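Structures are listed in the sections that come next.
You will see two complexes here that share chain A, one where it goes with chain B and one where it goes with chain C.
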Partner chain A sequence: MSSATDRLSTVTGRLDQSLQPLADGFNRLFGDYVGELNGLQFVLVFGSLAAVLTAPFWGTFGLVRAMTVAAIWAIFAMSWDIQSGYTGYISFGHSVLSGAAAYTTAMLIHNVDPGLSMAVTIPVSILAALVVGLLIALPSLRLSGPYFSLITFVAVLIFYRLIPSFSAYTGGETGIQSVEVFTYDPIARYYYMIVPMLVVAVALTFIARSNIGLILVSIRENEAAVNAAGIDATKFKIFSFALSSIPMGIGGVLLVHFTGGVDPTTFIAVDRSIEMIAMAVLGGMSSILGPLGGAFFLIVLRDYILTDLANLSSPARWTIFWALVLAVLVFVRDGLFRKLWHGLERYGRGRT
Partner chain B sequence: MSVLEIDSVTKRFGGLLAVNDVSFEVDRGEIVGLIGPNGSGKSTVFNCIMSIYDVTEGSITFDGTDITDHRTHEVVNSGVSRVSQESNPIESMPVGGNIQLFTLPNSIVSFGGGASDAEIYEYAARVDIEDKLEEMPDELPHADIRRLEIAKALATEPELLLLDEPFAGMNQAEITELAATFERFRENGMTIVIVDHNMGGLMELVDRAVVLNNGDKLMEGTPTQVTEDPRVQKAYLGTAEEA
Partner chain C sequence: MTNEDNNTAGSNRTGKEIVGRRTFLGATGAAAVTTSLAGCLGGISGGDDDVFRIGHLGPTELEMGLGAERSAQLAVDELNENGGVLGRDVELLSEDTGGSPTEGERVTENLIQQDNVDLLVGTFVSEVTQGIIDFVAEMDVPFLITGSADPDTVTENHGKEYDHYKNVFRTGPINSDLQAEGMAGYAAYLNEEYGWENFSILADDAAWTTSFRDILPTQIEATDGLSVVHEDRMSVETDNFTPFLDDADDADADVVFRFIAHGGAAAFTSTWAQNEYPFALEGVSVPGMSPEFWDATEGACLYETTSQSGAGGVAPLTDRSMDFVDAYEAEYGDEGPPSKPMYMGFNSYDAVLFYAEAAATADTVDYESNLDAIVDAILDLEFTGAAGEVSLYGPDSDYPHDVMETRTEDGIISNFPITQWQPDGDDGVVECVYPQADATADHVEPEWL
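Coming up: the complex of A and B.
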């Protein structure tokens, strides 16, 4: 067994060395900002990037549609990660944030002016997500322990019940279905989702690899030490929630212009919050790119492989979805993509 | 000129009076021992200074500023740093990373900043762990973990260093070496308060000692005055008999 892995790492090590000049070029330019790669990791990152960018040219309609949805959920999973994954203050209510943005867009169009331009509704909706985020974060993040998680959980339950209570404005259970979609062209639509996702991924990776990310992780590991270091842990916890709310708002806006409407089940129900967590956990919490990978993995599996290829019923698809998440929680707690990343590090030359 | 003034500080936990109307001052450049048997309130005084606990009554002044109601990070940024009795490094970060955290600015827009590798090396070198910057905390022997705690405190550039049982669990050679390190800190202008329940070794290091017993201040004085004082002897022997 060990001789087989030795032989494998001889081959991969050589492969890694031949790719190293490419990775070195990247490291020289960006290594200081996002961390250094070895040759194999470089191929994983840029191979995936190339695959994602060219998907409409080689993928089937079903696959591209699944990847379009995955791009939106990747934004949610990464946004959840920069707050919950990094600080360890687990939010069970992140769908409130994307829901706030999506409902703001739909309610502006439904109640204010159907002709309202996206140039108005999009920034206002993202701002709404930020405001709701601060409303949750300011009182709850001063508490420590499980209270924060419970408050986010209750927040999503309240928000979910509030929608039908104001059905004249919110459309009640069936929601508002008069939102304009970005485009009906599936290829253009794909890029409408992929480009913001890549921007969010780069921005959050940069922040996560900066001092800010180091402080957020330190809050998770030892909050008292952060205060003892002269750093206001409470301020950084609230900041991480605000930082998470903005891309959550972006994702919410993308989702409402993808589906062409809002309703409480698709946008707010607590299940949606748990799905974001599942994607982040499956990919690997506190790594930003892990949750991105987790979102693509789970959604392509659920919406394309199990639907188009395997023709399974919806309950069967969801059962497999959650069974897989459970299996990762039990057997690969650090997440599939973190495992893969460290594997490439070991099988490559292993940079320190 | 006193740099730290503890003025009639009282700390109650419900019905328990942990610190009762304690006052003392520390002058700039002094090394002061805060001693007393276990449970006498020494660490509670430190926790009050660091705002881990709110004081029930009284005030704490550092360098002319009332820091009683400051929050922990504000106390640290005003120039006070504490080395806890318990070591609590972040296990997922190497020694260098643990020190680096203590140099980062308290700013949500500061993506860079913090100490350079050379500066981190310097902090580590002041307590002789400069060749262990890459090691993980769980690989270090006890004495080096304790040194890391001191290096972290140094990295906040304190004027006043509070040391809580710094010699606990160390052998005689390590204690002697660490005491010499503290002397060097003082020569570089730092003021130090050391908590210890063990009077013996501490008395050669400190200029003065404040003795607590059951939350009350028993006395303060030079090491000779303290060791010869019958009340101090009784407090220590008393607890020995009870134990």
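Coming up: the complex of A and C.
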């Protein structure tokens, strides 16, 4: 360790020590399930949680709206992560899953009965995402190498073209705009999105840190070894895809009740899949909370900092967005939030 | 490996138990209390000040949207010079919708929730209008549509749930059902002039062309001797138009009515001009409305026409038209395209002044408590704008709150001007060729016919 870092960690180490009792409380209660934290990490996790939960009380309208959108995208990025990040089978087609759920909701309302209650449409839509997920996973996950990624990629392209082909039912390019929103009240709406996101985050973190997570990572590191150990890797790959489809469905339903409608560009286009990947990669693949952070970082940047504050035009915004993702890929390949996490671990010296 | 995040050393397993738990419970409790407190968003500024704020929505990266933004600003300047709206200063806040419903929703929410606008004006793409209309209706902010012409916007909303949508109006252009009827009137005129009988209809596969695909054929064939011999839809991604033009040629069309709103219009025009297809090119071309289209197509657009509200800024449709165009050119002539306001510019300019006049009659702009008074004043108003006379249909008509068409004595729709690119030495010039009352030149047929 260089002397500068050394000196810094004397300060942060002491800070960490004073925070350690808080972290210990957490570790005793939950450490066995989600891993243990040092003092600084505890502050990061619970400080962020407190900030997220209280945002409407200190944020401006634009910031809170961006965070509302970010909550939905965080669900997408985490769902993508539990499948692609953990198993290493990169999916380029996750927008099909959220799109399937959103389109199911909209098409039920548009084609079956405008009065259908959310108690019906929401479970059916999430189920639809699961079914579509299995339809893609079953044939494709038996393959290895790049073929899985290519199949998911083609799946999006096909779904994107199917929408206008059945425009009588799907509304074609325009989509269906008659879906009811949860509410237009910006504060209530924020919690409608944040609460499911937190539930998904806790559930996926729990699974990822369990033995299931370990098997998924092992598939990424050495699939042959997993099979040799008597564990059916294909079964777990399909399981991970199904596991990913359910929160994708939840996110899709939230998004359709946020925008009040569906259209192929907002929901299906392959760009949306790539954006999910970008968020996960920027935050740090295979860490669940990393992609969550990545989603908040990128969306708050794109929809608030670069727009409301910097007032940039839309092409400039997207250029910066993708340039940043590229920079992370080149310089911080493990992701910004993983870097931050390990940094806190080092500077905390919580467990030497 | 992922799970290395977990492998934190398990020290401090004993002791300090009470402190830890109490702190933890305290922290969670605090979070729970904060969440249950429903309060206001900190950043919302008060709306009860003495400024009348107008939010303008449009794809300002495109010439159409930029022309509209500038024109709305001209109207605002004009109001401020004359004492504002009910004595308040007027401020324009322009937002770029990017032509996308998602972005449109975001900027509209910002304008209403954060900037507290008193009036919304604009929206060019029908999909954007439909994407934001429920929210705007919910918030009761008066909204004057100035770009998109989709009739569903009023028939599917006001027609079904009038009270909910009564704060939404369209002051121009006339909706595309009426435009289709106007186009049929134009077809009859072309028949009188040249004897052309066979029509082809080629439309973008998009929401705004629905009326032209569904209504126009019947309307054209209602005139004796006219027939629609060819119809097709073009995907908005089409860049090779030869097959469509060949089909129209094979069907023996005298006129192709094309309805095209995307960048491919230049390729369409060039294909037609270079091959000298034996039919006239008429209809609606949004890119063709650009004052810069002559240069963009290197003159290939010669003889093509398009319908456009405001007649491209070349004809004195009302006493106000040329004053407005002159003011626009004086202010923005040196600032890059568009060099004229374009159709949405005419309508946005009119909408701002229209609302100011209605507000003066209603003597209020407080839509939260006096929306009905504002709605009544708007529906009673007969306004002369730069693009034409603006009066709106009432609640019980087929098109509630939509701008009325004007008609000649023969019942032909007259606020539906058609412009044509005509030769002007080595250059091209836009002339208004229809209706005859407003025409600045006669329609010219392509020289190769």
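Criterion: the second predicted complex is superposed on the first by the 348 of 352 C-alpha atoms of A that agree within 3 Å, B and C clash if a C-alpha of one lies under 4 Å from a C-alpha of the other, contacts with A are read in each partner's own complex, and residues count from 1 in each chain.
Heads up, the rule we're going with is that a residue touches a chain if its C-beta (ideal position, glycine included) is under 8 Å from a C-beta of that chain, and two chains touch if they have at least 3 such contacts.
Being a predicted model, the structure only gives us computed values, none of them experimental.
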{"item": "Touching partner for A:214 - first (chain B), second (chain C), both, neither", "value": "both"}
{"item": "First (chain B), second (chain C), both or neither touched by A:84", "value": "neither"}
{"item": "Touched partner set for A:61, first chain B, second chain C, both or neither", "value": "second"}
{"item": "Which superposed partner A:152 touches (first chain B, second chain C, both, neither)", "value": "neither"}
{"item": "Larger contact residue set on chain A - chain B or chain C", "value": "C"}
{"item": "Touching partner for A:25 - first (chain B), second (chain C), both, neither", "value": "second"}
{"item": "Touched partner set for A:12, first chain B, second chain C, both or neither", "value": "neither"}
{"item": "Partner chain(s) touched by A:232 [first = chain B, second = chain C, both, neither]", "value": "first"}
{"item": "Residues of chain A at both interfaces, chain B in one complex, chain C in the other", "value": "214, 217, 221"}
{"item": "Residues of chain B touching chain A in the complex", "value": "50, 52, 71-73, 76-77, 81-82, 84, 88-93, 97, 100-106, 108, 110-114, 152, 155-156"}
{"item": "Chain B contact footprint on chain A (complex, rising order)", "value": "206-207, 210-212, 214-215, 217-218, 221-222, 224-233, 235-236, 239"}
{"item": "Parts of chain C lying in touch with chain A, wherever the complex brings them together", "value": "1-3, 5-13, 16-17, 19-21, 23-24, 27, 30-31, 34-35, 37-44, 61, 96, 98, 100-103, 105-106, 109-110, 113-114, 126-127, 130-131, 134-135, 138-139, 205-207, 236"}
{"item": "Contact set on chain A toward chain C in their complex", "value": "20-22, 24-29, 31, 34-38, 46, 49-50, 53-54, 56-65, 86, 164, 172-175, 177, 181, 184, 186-188, 191, 208-209, 213-214, 217, 221, 259-261, 263, 265-266, 286-287, 303, 307-308, 313-315, 338, 341, 345, 350-351"}
